[in-house]
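Below are two complexes that have chain A in common, paired first with chain B and then with chain C.
Presenting the complex of A and B:
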C-alpha cells in the first residue's frame, strides 16, 4: 500500500470514528477555503481564473499542499459562467470578481398564495424570471437560456468533481464529504431567495400565516433538494442557516423551527445526516438544536463553546468557533493559544472536529502564516 | 383634552408593540383631534426608544427594528405630518456619510443603519456599495460629514476598510471626521486593525455610538434639505 493511500485511510478513519461516536486517534481537521481564496493564493487573477474550471486543479493543489487538513479543503459553489448566462440578480460579481448574494425579491407579496399552492410551479413560472433577467422573455428564448445555463452548470460541476477526486487521491484526504448534498431551511430559502431580508422581516409581522404556510410548503422541496442520489452515512447534506438569530423567540418557534426540524428529520429518513453551518449566534435556540437527530454535524460561528459542549456534545458533532477574524489581526502565538483554548473545551470525549468559524473566502480575509500555524498546531498536538 | 392625553399614551404603547395598523389609525385620529405634528413625532420617538430598549434587553431583534423603522416612516407620510415637516426645516443632529467598501455589494446592513440613523435625527448620505477608497475620500471632502460609516458583510472587508481609513488619513481628513465600521464579523481587534474610531455588529448599536459622539461634541444642528 502506498503512503498516500495509507494516509487517506487513516484520515478517513478519523472521521468515521467521529461520525460513529468513537473517540478518534486525534482531533480531525476540516479546513475550508473557497475557490476564490485558492485562486488568489496561487497568484492568479480571480476575475479571469474562475471562468476556466478546466485549469483549476493545479491552482487548488497549491492550497492543499500548504494548509493542513484531513479532508479536501477547497470547494467551489458560485461560478460566473452559469450566472452570467442567466443574467443573475441573486448572485452578482463585485468589482474584485467575488460573486455575492445581494438583497433580492424573487417572490412578490401577492404571489405567496401561488407559492403555497404549488411551490415548484411558482418558482419556475414567477420567481426565476425575477431572479434571472435572461429568463424574463418569450418561452423559446427562455428555453434556450435555461438549456445553456444547465449545460454550463453540469460542465462546471463535472470538472470540479474530477478535480476533487484527483486531489483527494493525490493528497491522501479522507473519503468523507460534508457537502454531498445542499439545501436550506425552508424559512431561509423563503427569506434569502424569495422575499429578501427586509421583506421577510416585515412579512413576519404583517402576514405570519402566509409565512408559516410557505415554509411548510417549501419543506418537501428542501428535503428532495438535499437528498443526493447516493446517500451515505459518512457523507452529509450542507445546510447553511441564516435567519433565526434575527427573529424573536416566538416567531422562531412558530415560523422557523417546525419546518426546519422536519427538513433535517426528512433528510435523516432518506439516509442523510445534515451538516449545519450555524451562522451568527444561536445560543438562544440551543435547546431546539438539541432536539435534532443524533449525529447531526454543526459548525458554529459565534456563541459559547462551553454551553454547546455541555448541551450538544454527547449527541451531536461539533466544529467551528475558531474566529477567522483573529487569523487576520492576531499574532501567531495568539492564534495558536486560541486553538488550544477551544480544543481544551470542545475536544474531551470526542464528538468534535477542528474547523474555523467560517470558510476563508479570499486571500485578504486571513493572514496566511497564522492560518498555516494554527492548522499545523492542531495536527501535531491533539492526540487523544 | 383628557381623551387626547389617553390617546398619547396609547400611541406610545402601540409603537412599542409594533402594531402598525393601530399606530397609523390612532395617529390619524390624533391629528384630526388637533395634536401638533411635532408632539406626535415626540410620541413616536418615545415608542421607538422603548423598542430600542426591548432590543437591548434581547426581547426584540433586527426584524422588529426594521418594522419599527417602517412604522416611523408610515407616520411621517401621513398627510398632515408630511405637510408640516416639508414646510419647516427639520433639525438634524449630525451628518453621516455611509457606503459599503470595495469588493462587497451587500447593502442590507447599510440600509437598516440608514433608516435607523434617519429616525434618530441624522442626515445620512449613502454613496452605495462596492465603493472604492478614492470615492470615499472625495465624498468626504465634498460633504464634510461628522461621521463616516464603512459597511461590509464579507470577512475580507477588514482589509478594504483599513485602506479607506489610510486614504482618509493620507488626504489629511482623519481629524475632521469620526469613523465607524459596521459588520457582524467585526471585533475590537479588527477595529484597531482598520484604524476606525469604533465599530458596531448591528445597526442599533452603531446608531447609538453615533448619537453618543454627537452628544459629546455638543450637538450641532444642521439644516437639512435646504
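Presenting the complex of A and C:
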C-alpha cells in the first residue's frame, strides 16, 4: 500500500468514526478555502483564472500542499461563465474579480400565489427571467441562452469533479464529502434570491400566510434538490442557513422552522445527512436544532460552544466556532490558544471536528501564517 | 413534482408509447439523468 493511500484511509477512518459516533484517533480537521482564496494564494489574477477551470488543478494544489486538512480543503461554488451567459443580476463579478450577490427580487409580491400553486413552474416562467436578463426575451433566444449556460455549467462542474478527484488521490485526503448535495432551508430560498432580504422582512409582517404557504410549497423542491443520485451515509448535503437570526421567535417558529425541519427529515429519509452552516448566532434556537435527526453535522459561526456541546453534543456532530477574524488580527500564539480553548470544550467524547467558523474566501480574510500554525497545531496535538 | 417543465420517466414513456422494454432499459437512466441535471441547474440558479 502506498503512503498516500494509507494516509487517505486513515483520514477517511477519522471521519467515519466521527460520523458513526465513535471517538476517532484524533480530532478530524476540515479546513475550507474558496477558489477565490486559492487563486489569489497561488499569485494568479482572480478576474482571469476563474474563467479557465481546466487550469485550476495546480492552483488548488498549492493550497492543499500548504494548509493541513483531512478532507479536500478547496472548492469552487460560483463561477462566472454561466452567470455571464445568462446576464445574471443576482451574481455579478466585481472589479476585483469576486462574484458578489446584490439584493434582488426574483419573485414579485403578486407572484406568491403562482409560486405556491407550482413552485418549479413559477421559477422557470417568472423568477429566472427576473434574475437573468438574457432569459427575459423571446422563447427561441431564451432556449439558446439556456442551452449555452447549461453547457458551460456542466463543463465547469465536470472540470471541478475531475480536479477534486485528482487532488484527493494525490494528497491522500479522506473519502468523505460534506458537499455531496446542496439545497437551502425553504424560507431561505424564498428570502435570498426570490423576495430579497428587504422584501421578506416586510412580507413576514404583512403577508405571513403567503410566506408560510410558499415555504411549505418549496419544501419538496429542496428535498429533491438536496438528494444526490447516490446517497451515502458518509456524505452530506450542504445547507447554508441564513435568515433565522433575523426573525422574531414567533416568526421563526411559524415560518422558518417547520419547513426546514421537514427538509432535513426528508433528506434523512432519502439516505442523506445534512451539513448545516449555522450562520450568525442561533443560540436563541438551539433547542430546535436538538430536534433534528441524529448525526446532523453543524458548523457554527457564532454562539456559545459550551452551550452547544451541552445541548447538542451527544446527538449531533459539531464543528466551527473558530473565528477567521482572529486569524487576521491575532498573534500566532493567540490563534493557537483559541484553538486549544475550543478543543478543550468541544472535543471531549468525540462528535467534534475542527473547522473555522466560515470558509476563508479571499487572501486578505486571514493571516496565512496564523492559519497554517493553527491547522498544524490541531493536527499534531489532538489525539484522543 | 407537478410541473410542465419536469417529467418523470413514466410520464415520458406515456407520451412515447413506441418505446420497447429493451429500449427502456437502456434509455431510462440516461434520459432521466438529463431531466435531473436540468432541474438541479435551474434550482441552483435561484439558490
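Everything below uses one rule, namely that the second predicted complex is superposed on the first by the 384 of 384 C-alpha atoms of A that agree within 3 Å, B and C clash if a C-alpha of one lies under 4 Å from a C-alpha of the other, contacts with A are read in each partner's own complex, and residues count from 1 in each chain.
As a working rule, contacts are C-beta pairs under 8 Å (C-beta built on N, C-alpha and C of every residue); 3 or more make two chains touch, one makes a residue touch a chain.
Please read all numbers here as calculations on a predicted model, not as lab measurements.
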item	value
Touched partner set for A:323, first chain B, second chain C, both or neither	first
Contacts of A:65 with chain B and chain C, given as first, second, both or neither	neither
Contact breadth on chain A, by residue count: chain C or chain B	B
First (chain B), second (chain C), both or neither touched by A:182	second
Partner chain in contact with A:121 - chain B first, chain C second, else both or neither	second
First, second, both or neither for A:106, with chain B first and chain C second	second
Which of chain B and chain C A:141 touches, first, second, both or neither	neither
Set intersection of chain A contacts, chain C complex versus chain B complex	none
Residue ranges of chain A touching chain B (in the complex, touch as defined)	92, 94-96, 98, 100, 102-103, 197-198, 200-202, 204-206, 245-248, 251, 280, 284, 323-326, 328-330, 358, 360-362, 364-366
In the complex with chain A, residue positions of chain B that touch it	18, 20, 58-64, 66-67, 70, 102-108, 111-112, 129-130, 132, 154-156, 158-160, 184-187, 189-190, 192-193
Partner chain A, residues of chain C touching it in the complex	1-6, 33, 36-47
Of all residues in chain A, those that touch chain C in their complex	86, 90, 106, 118, 120-121, 123-124, 127-128, 131-132, 150, 153-154, 182-184, 189, 192-194, 220-221, 224-225, 229
